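Shared between the two complexes below is subunit A, which has subunit B as its partner in the first and subunit C in the second.
After this line comes the complex of A and B, so read on.
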């Protein structure tokens, strides 16, 4: 059962397919915003299929083991996160105490693997990208944890199942002042985790070539693309689970769930299309000052009962 | 294999290599990527790293300085990788062909390092974006032949 959850539904296969479709949605909306036609729906599948037949040259200066291991670990970690979130949503009892913390660690793994892989590649531009990714990572984790703490203190438990049950009984956390603020903070932090535009500083095509992914090609790059796609699917589910009562897979609940999901994806896409890229110091200041203060306000409001 | 090849036909990532052109061809290439022509419809995307490239868009007559760099870039690209010689300069040398610093044209420079390279010629000075799209379509047809032969 656990293997089915991990490999097929709601883990790897399901998350990859939905994630690639979502990435297409993102590209299509971007194209429409720029008054273009945009790619067809199977575009991202074609990209990944193509990457699988390309050769994977490893640079002479690279540390071969870490260079090739990093994408694999990142991919399996993201699939694990998708499986855990999905399982918790399908059955509130299919969880264990403290799985929110575990999930948080697992969600951090892809970023760490990107940093490791880029540093192992031996390319100077990649290492600049890796250092930026690291700075940004340190930046957004702090407000994200405080926003999660808001939810945890309100519910009084660090289990995903408990959080979902609490919201089913007392109404979603989003419908309170502290909930809205914490949710906004979480959305912006996840935007940075996904590396979408105002925070795509590590990949910055115009300055760094492809930054952290510079030396990757073929299947290794495909694994990173899939990781990004699965994270793009996981992030909205993560926010919905924490703040908006999760996904009910019964009857009309499915339609409502899809609506919530599309809403969050549209939010990510809109933020990405209406903002220019920040500098790394601006991004870190944004997270450590503005977002952390907002998150603390949410925490205080929550403890006052709002 | 064939799944990958049909993926390749739908998703060609291009990398722009300017080998001493007069920049007019480069401007036409950039034109190709603007909303008016929008080649992302066909999955063609400009990438920033040569490792991601499926096609090199080479412009210019390839002088002595740039020739080793072009060859190095071609060797670094992950195969299969198609080379597009864009513009009369890249195809034949154009009016620079008797120039003292001429080391190209593109096909000769590439074939020195890989005799089996697939090279697509798009003549014109500069070629229209439509001509480049037609070149891409022909290259895709060539990939089809490749599959049929196997």
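After this line comes the complex of A and C, so read on.
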């Protein structure tokens, strides 16, 4: 059962397919916003498939083992995160591999592996990218953990199933003052976790030439692309699970779930199409000052019972 | 078992004495050094063996005699408790690994007779601390371990050594004087110092003061704020193997064990004191980790992490919940394991390259692959990365913050863990990644003696991480249950510490399943590589905007050295944020260091006025001498009137 959850549904295979389709949705909408036609729906599948058959150059300065292992670990961790969230939504009592805190650390693994892989490549521009990714990581981690604490302390449990059961009994957390503020913070933090504009600072095509991913190509890059796609699918599910009552996989619940999902994806796309890239210090300051204050307001409101 | 308990103390003591008297004899230096290494290795190995036997059967009670000063008297007792024998097991392990590590690390150094004897004596003192059944024995062995630490730090051979040794002695000595004072007060009021006869409720203000006087010694030994500043200073002056042995391992074991003992066995602490401990813990976590992030010196960076991690232990113990105390004590063991390993890695690189400045290192990953592996594992363990041991103890501590209803502690503890990761990414990048600097082209791989101890410890990190039944189910839960049975009875009903998983109410971590599935994921990703051409990789130059290193690029020659980006500048973005720009530079010069403040006050009150007297004029010295004589004369003739 666990293998099926992890490998097929709702883990690796399902998350990758939905994630790649979502990425297409995002690209298509962006294209329409910019008065372009946009790619066909299978474009991202074709991209990944093509990366498979390309050779993998490894830089002379690289630590080969880590350079190639990092994308693999990132991919398996993101699939695990997708499977954990999916499993909790399908059956509240099925604890699978762990609780919310475990999920939190598993969601951190892809970022860590991107940093480690970039650092192992030995490319100076990748090193700059790794440094920015790490700065951004500690930047968004603080407001995101406060937003998470708002939910955890409201529910009084770190079990994913308990959070969903609490919302089924008391109404979604989003429908409270603290919940909506914490949710806004979480959306912006996940925007940065996904590395979408305005927080694509570590990759910064125009200045670093893909930064963290600069030396990657072939199957290794394909693994990172898939990781990103799975995370693109996982992030809205993470927010929906924490704040919006999760996903009911029966009857009209599925339709409602798809609506919620598309709404969050549309939000990510909207933010990324209407903002220019920030500098890294602006991003860290944005998260540590504005977002942290906002998140703390949510926390205080929560402790007052709102 | 009584026999074993005595051996644990006298055997390292006598072996240390033997090492000490094997002094320099011309021509036989190499042979004597070999004898010293052999004695230390054999004795510490034997102690590890008997410590294991004691742990399997932790019973024993020795009444060593009675000591009295005037009207005061107390019995001197050594007793083995399950928790104490667990501590001894780990302290012996660290002594044993230090003896192996020192074989190469200290080869060719001066004063090795002192080095090995002090290492062994420290083991004897630490074992006595754990076995002590009365306050007097504990205090004496505690102070001895401080003096041995002073001696060991003084064996360093750079210009910072004198300050390091002096500062350590002053801070630890100061808190130990506080503990001595508290001990005398207890002795006078209660008439005994035997732990079993003492139980002091924290009802009166006096008793609260007593608690903090004693706890300050424990916190200082462990390195918690505000008594932390000796650790970073010591790191730069002491031999690095000593940093691994004492401040990273032994002092954590002694300090946190005693803090736990004082808080839950000797006293019964109140909610207000618990909150104070938690605040101390969280402040220690955050301030120290920020200080660590901006360090450029490897050992200093590690020592700030040694301070920061103490915060988690104090936080866990301060929550007062069963899960929190379990997490705090587990974190103590974990920290001793990975911090010893991290310092050992730094020491091994220092031995091979002579460098501890992160800016000058780089590219060693391919020269020292095993060391690189151990350093990655220990760095990830300290950052609490899944599935290593640090994750489980931090996870327990987070959960206990939830139970204690402390959202701010919960948030800062998790955030501190992210900052720890950032700091170690910097270390890994600076030391092991990228191209080798030209001056390190001839660096050789460290030998067995330098690699084996950190390797064992990092494997222990993995074992404790993926088999939680060993540290929690077998080692800590039974021992803590025997010590604080009423608190441990409050563990959530239906809790399980299974072979591969932990269940504590709503908290659940199935490490076995997670590791199995993620390993499967990695295997699939490798297959994915194999389907592509990843195994037929091609070596290519790193791409830097199409410029070939060593050629003219615009007006600048793009050198090979320019390919190297040291990680030391990684967090300049953070250090230059408006909030930190004003704090951090002054923090580097001791903003959070009470030693510096006391130093300034002491200078103003005592030293500077005394300096004024030293004006170099003979007549004023003579007049002081005459005044002194008059005072002595008056004191002497007092008896005749």
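What we mean here is this: the second predicted complex is superposed on the first by the 303 of 306 C-alpha atoms of A that agree within 3 Å, B and C clash if a C-alpha of one lies under 4 Å from a C-alpha of the other, contacts with A are read in each partner's own complex, and residues count from 1 in each chain.
Methods note: contacts are C-beta pairs under 8 Å (C-beta built on N, C-alpha and C of every residue); 3 or more make two chains touch, one makes a residue touch a chain.
Everything numeric here is computed off the predicted structure, so don't read it as measured data.
S.K.: Identify whether subunit B and subunit C fit side by side or clash on subunit A in the overlaid structures.
M.R.: Taken together on subunit A, subunit C would fit alongside subunit B, as the superposition shows.
S.K.: Tell me which partner A:99 touches in the superposition: subunit B (first), subunit C (second), both or neither.
M.R.: Second partner only, subunit C.
S.K.: Which partner does A:38 contact after superposing on A: first (subunit B), second (subunit C), both, neither?
M.R.: first
S.K.: On subunit A, which partner touches more residues: subunit B or subunit C?
M.R.: Ranking subunit B and subunit C by residues of subunit A touched puts C first.
S.K.: For A:53, decide between first (touching subunit B), second (touching subunit C), both and neither.
M.R.: Both partners, subunit B and subunit C.
S.K.: Using the superposition on chain A described above, determine whether A:164 touches subunit B (first), subunit C (second), both, or neither.
M.R.: A:164 contacts neither subunit B nor subunit C.
S.K.: At the Cα centre of subunit A, what angle separates the centres of subunit B and subunit C, to the nearest 10 degrees?
M.R.: About 110 degrees, rounded to the nearest 10.
S.K.: Applying the document's definition of touch, where does A:215 land relative to subunit B and subunit C: first, second, both, or neither?
M.R.: both
S.K.: Of the two partner chains, subunit B (first) and subunit C (second), which one does A:281 touch, if any: first, second, both, or neither?
M.R.: A:281 sits against subunit C, while subunit B stays out of touch.
S.K.: Could you tell me if A:196 is touching subunit B, subunit C, both of them or neither one (first, second, both, neither)?
M.R.: neither
S.K.: Which partner does A:88 contact after superposing on A: first (subunit B), second (subunit C), both, neither?
M.R.: neither
S.K.: Which partner does A:109 reach: the first (subunit B), the second (subunit C), both, or neither?
M.R.: second
S.K.: Quick check: superposed on A, how many Å separate the nearest Cα atoms of subunit B and subunit C?
M.R.: In the combined three-chain model, subunit B comes within 6 Å of subunit C at the C-alpha level.
S.K.: Can you give me the overlap between the subunit B contact set and the subunit C contact set on subunit A?
M.R.: 51-57, 209, 214-215, 218
S.K.: Residues of subunit A touching subunit C in their complex?
M.R.: 2-3, 6-7, 12, 51-64, 66, 68-69, 71-73, 75-77, 79-80, 83, 95-99, 101-102, 104-106, 108-109, 112, 115-116, 119-128, 130-132, 134-135, 137-138, 141-142, 145-146, 149-150, 152-153, 156-159, 162, 209, 214-215, 218-220, 222-223, 280-281, 284-285, 288, 299, 303
S.K.: Any idea which subunit A residues touch subunit B in the complex?
M.R.: So the residues of subunit A touching subunit B come out as 27, 31, 34-40, 42-43, 45-57, 205-206, 208-210, 213-218, 221.
S.K.: Could you list, by residue number, the parts of subunit C that touch subunit A in their complex?
M.R.: Residue list for subunit C touching subunit A: 363, 365-366, 372, 384-386, 391, 395, 398-399, 402, 405, 407, 410-411, 414-415, 418-419, 421-422, 425-426, 428-429, 432-435, 503, 505-511, 513-514, 517-522, 524-526, 528-529, 531-534, 536-545, 562-565, 567, 569-571, 573-574, 576-579.
S.K.: Going by the contact rule set out above, which residues of subunit B touch subunit A in the complex?
M.R.: For subunit B paired with subunit A, touching residues are 1, 3-8, 10-11, 35, 38, 40-41, 43, 47-49, 51-52, 54, 76, 78-80.
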